[in-house]
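Listed below are the structures to be examined.
Both of the next two complexes hold chain A, though its partner changes from chain B to chain C.
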Partner chain A sequence: MSLLIRASALTKKPVVTLDGEDIAQVKDVLYEGSGGSVIGFTLSGRGLFAGPKNVALPWSEVVGCGRDAVMIASDQALQEQQDLVASHDIGERNVLGARLVTDTGVDLGAVVDVIVEAADVADVVGYEVEASAALGGDARNVLIPLPDALSVSGEALMVPAAALDFVSDDLAGFGAAVDDFRASLRGEN
Partner chain B sequence: MLFSEALRRPVMSISSATSLGAVDGFVVDVKRPQVVALRLAGSDQVIEWDRIESFGPDAVTVADDEVPAEQKGRVQALADARFALLNKRVLDDRGDESGTVHDVDFDPESGRVTSVITSTGSLDGDRLIGCGPYAVVVRAADAANS
Partner chain C sequence: MNRLEDRTVDWWMWILVIIAVIVIAVALVLVVQSRRRSGGVIAVSDIKKPSDPGSQS
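So, the complex of A and B:
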């Protein structure tokens, strides 16, 4: 399992070329229509050139996405933001604040962050929710794994009730929880 | 030899037996990775590596004190302070930082950069990928220790 990152931790990260130049920083994360993966990032300038840019960074051009920076080969990796948006089905809806509800009708809480697995494809593997009464409701945040394919619609996000068996308190161990949850949905183990 | 050891060493001309100045900095091409020129204190001029006759224990010698009409394009571009290695943050190609550059070890015969000493340890010169105004970029250590 590769690195898991909170989407909120990606914003403001510098975008650095392999030649060591910080050419931009992450402004927002662009999700694919169903919310299942990250398409790329919108960017803003750094330092003197702060402010939104009209270029975007597709995930396919990301060489490395770590604790301190998003690495790209060169500024050739960037493309016009409108081109990136036009070539994908971009999720219009912001999932932050939406209620996460199980298919058995239990409200798990409001989504406060999105957990992304940084690999060849940036898969959205879970949501961090502010736990509802059903999860103890003591104002703590918990991580809920998501199935491979998630259909997002309406004002709430639906997950299989089985996800409750794989809830984590922090990112350490959450990767394994996601793997186990997805395996169980596929009827393995 | 470390950059810190070679700093302030005088550069002497063999033909005139005069000092051209003291070593004040190093111009490195991280793509090779190689020291391509020496910076002299109080001067914009750099001494290109191929003019150096010998990198001796007490002085660096060059054949003559004739200043080339113009610096070679790439060396001049690399001589820009934005590409200096020392004190720059080290970032690997996975996007993780590991300290800043404290010193650089190079072969005084060839100018080859053998290792980079950082605030968190030392890494092989062959891992260097690039160096720019923001960071020195290196190949990430093998997955084993990540």
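So, the complex of A and C:
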């Protein structure tokens, strides 16, 4: 069974071992720019003066991802950030705030959140954008489904123009919109 | 008498200065910490797979 969640709902969640030890909190959600698979999380310490940690949590080590905490078996699940991601400048690749543009050159707005489908593996399946004039504007947020293969490069994020036919206003029903959109790209509809 | 009143004012002034410095320092710490710990969603292009050579550094 899969669950659709906003990435912002994962950040700042405590990371707790099955022994009940609260060892860190989620800082960034890392995902594969080309495929959309969630790789894991960067972490920061708990407590007022704790800063970012050098260790990361791979998604494969997550035992459970509940409303209040991300559960792991033990602190052995954490690994060095360099072992998960090769580059050191990952902070510069934050997609929040980036412009979302269709392959026909229509600006859909700024990305304010990322929708993750969480199961045994987790995938980025959509972006939440602050709607531009092309989507009706009026300062509302809409959900844009993504194809299986993503395009993340430079300043802007790209989606096929066909995604405009599957825009949703909320998470309820967005999973079906993603499935329909991907089926239409495969020519099944 | 006037000199004594002036000294009293000076004493309270220093207390206010110390409180202001503490408040500013705490505010700066909170702002810096919230920025250091603020989350994002990072698109990564160069993932290290377990089978990659050199992934065990």
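In this text, the second predicted complex is superposed on the first by the 176 of 189 C-alpha atoms of A that agree within 3 Å, B and C clash if a C-alpha of one lies under 4 Å from a C-alpha of the other, contacts with A are read in each partner's own complex, and residues count from 1 in each chain.
Here is the rule we use: contacts are C-beta pairs under 8 Å (C-beta built on N, C-alpha and C of every residue); 3 or more make two chains touch, one makes a residue touch a chain.
As the structure is a prediction and not an experimental result, all values here were calculated from the model.
Visitor: Once chain A from each complex is brought into register, does chain C clash with chain B or fit beside it?
Guide: Chain B/chain C on chain A - fit side by side.
Visitor: Would you sort A:122 into first (chain B), second (chain C), both or neither based on which partner it touches?
Guide: neither
Visitor: So, does A:84 touch the first partner chain B, the second partner chain C, both, or neither?
Guide: In the superposition, A:84 touches chain C alone.
Visitor: Which chain makes contact with more of the residues of chain A, chain B or else chain C?
Guide: C
Visitor: Please work out whether A:67 is in contact with chain B alone, chain C alone, both, or neither, and reply first, second, both or neither.
Guide: A:67 sits against chain B, while chain C stays out of touch.
Visitor: Return first, second, both or neither, reflecting whether A:96 touches chain B, chain C, both chains, or no partner chain.
Guide: Once the two structures are laid over each other on A, A:96 reaches chain C alone.
Visitor: Contact-wise, after the overlay, does A:14 reach chain B, chain C, both or neither (first, second, both, neither)?
Guide: It touches chain B, and chain C stays clear.
Visitor: Using the touch definition from the top, say if A:22 reaches chain B (first), chain C (second), both or neither.
Guide: Once the two structures are laid over each other on A, A:22 reaches chain B alone.
Visitor: With both complexes overlaid on chain A, does A:143 touch chain B (first), chain C (second), both or neither?
Guide: Touch status of A:143: no partner.
Visitor: With the two complexes overlaid on chain A, what is the closest approach of chain B to chain C, counting only CA atoms, in Å?
Guide: So the smallest C-alpha gap separating chain B from chain C comes to 19 Å.
Visitor: Within the complex, which stretch of chain A touches chain B?
Guide: The touching residues are 13-14, 16-22, 63-71.
Visitor: Going by the contact rule at the top, pick out the chain B residues touching chain A in the complex.
Guide: So the residues of chain B touching chain A come out as 88, 91-97, 129-137, 140.
Visitor: For chain C, which residues are in contact with chain A within the complex?
Guide: 29, 33, 36-48, 55-57
Visitor: Going by the contact rule set out above, which residues of chain A touch chain C in the complex?
Guide: 7-8, 10-12, 25-34, 39, 42, 44, 48-52, 80, 82-87, 90-91, 93-96, 113-114, 150, 152
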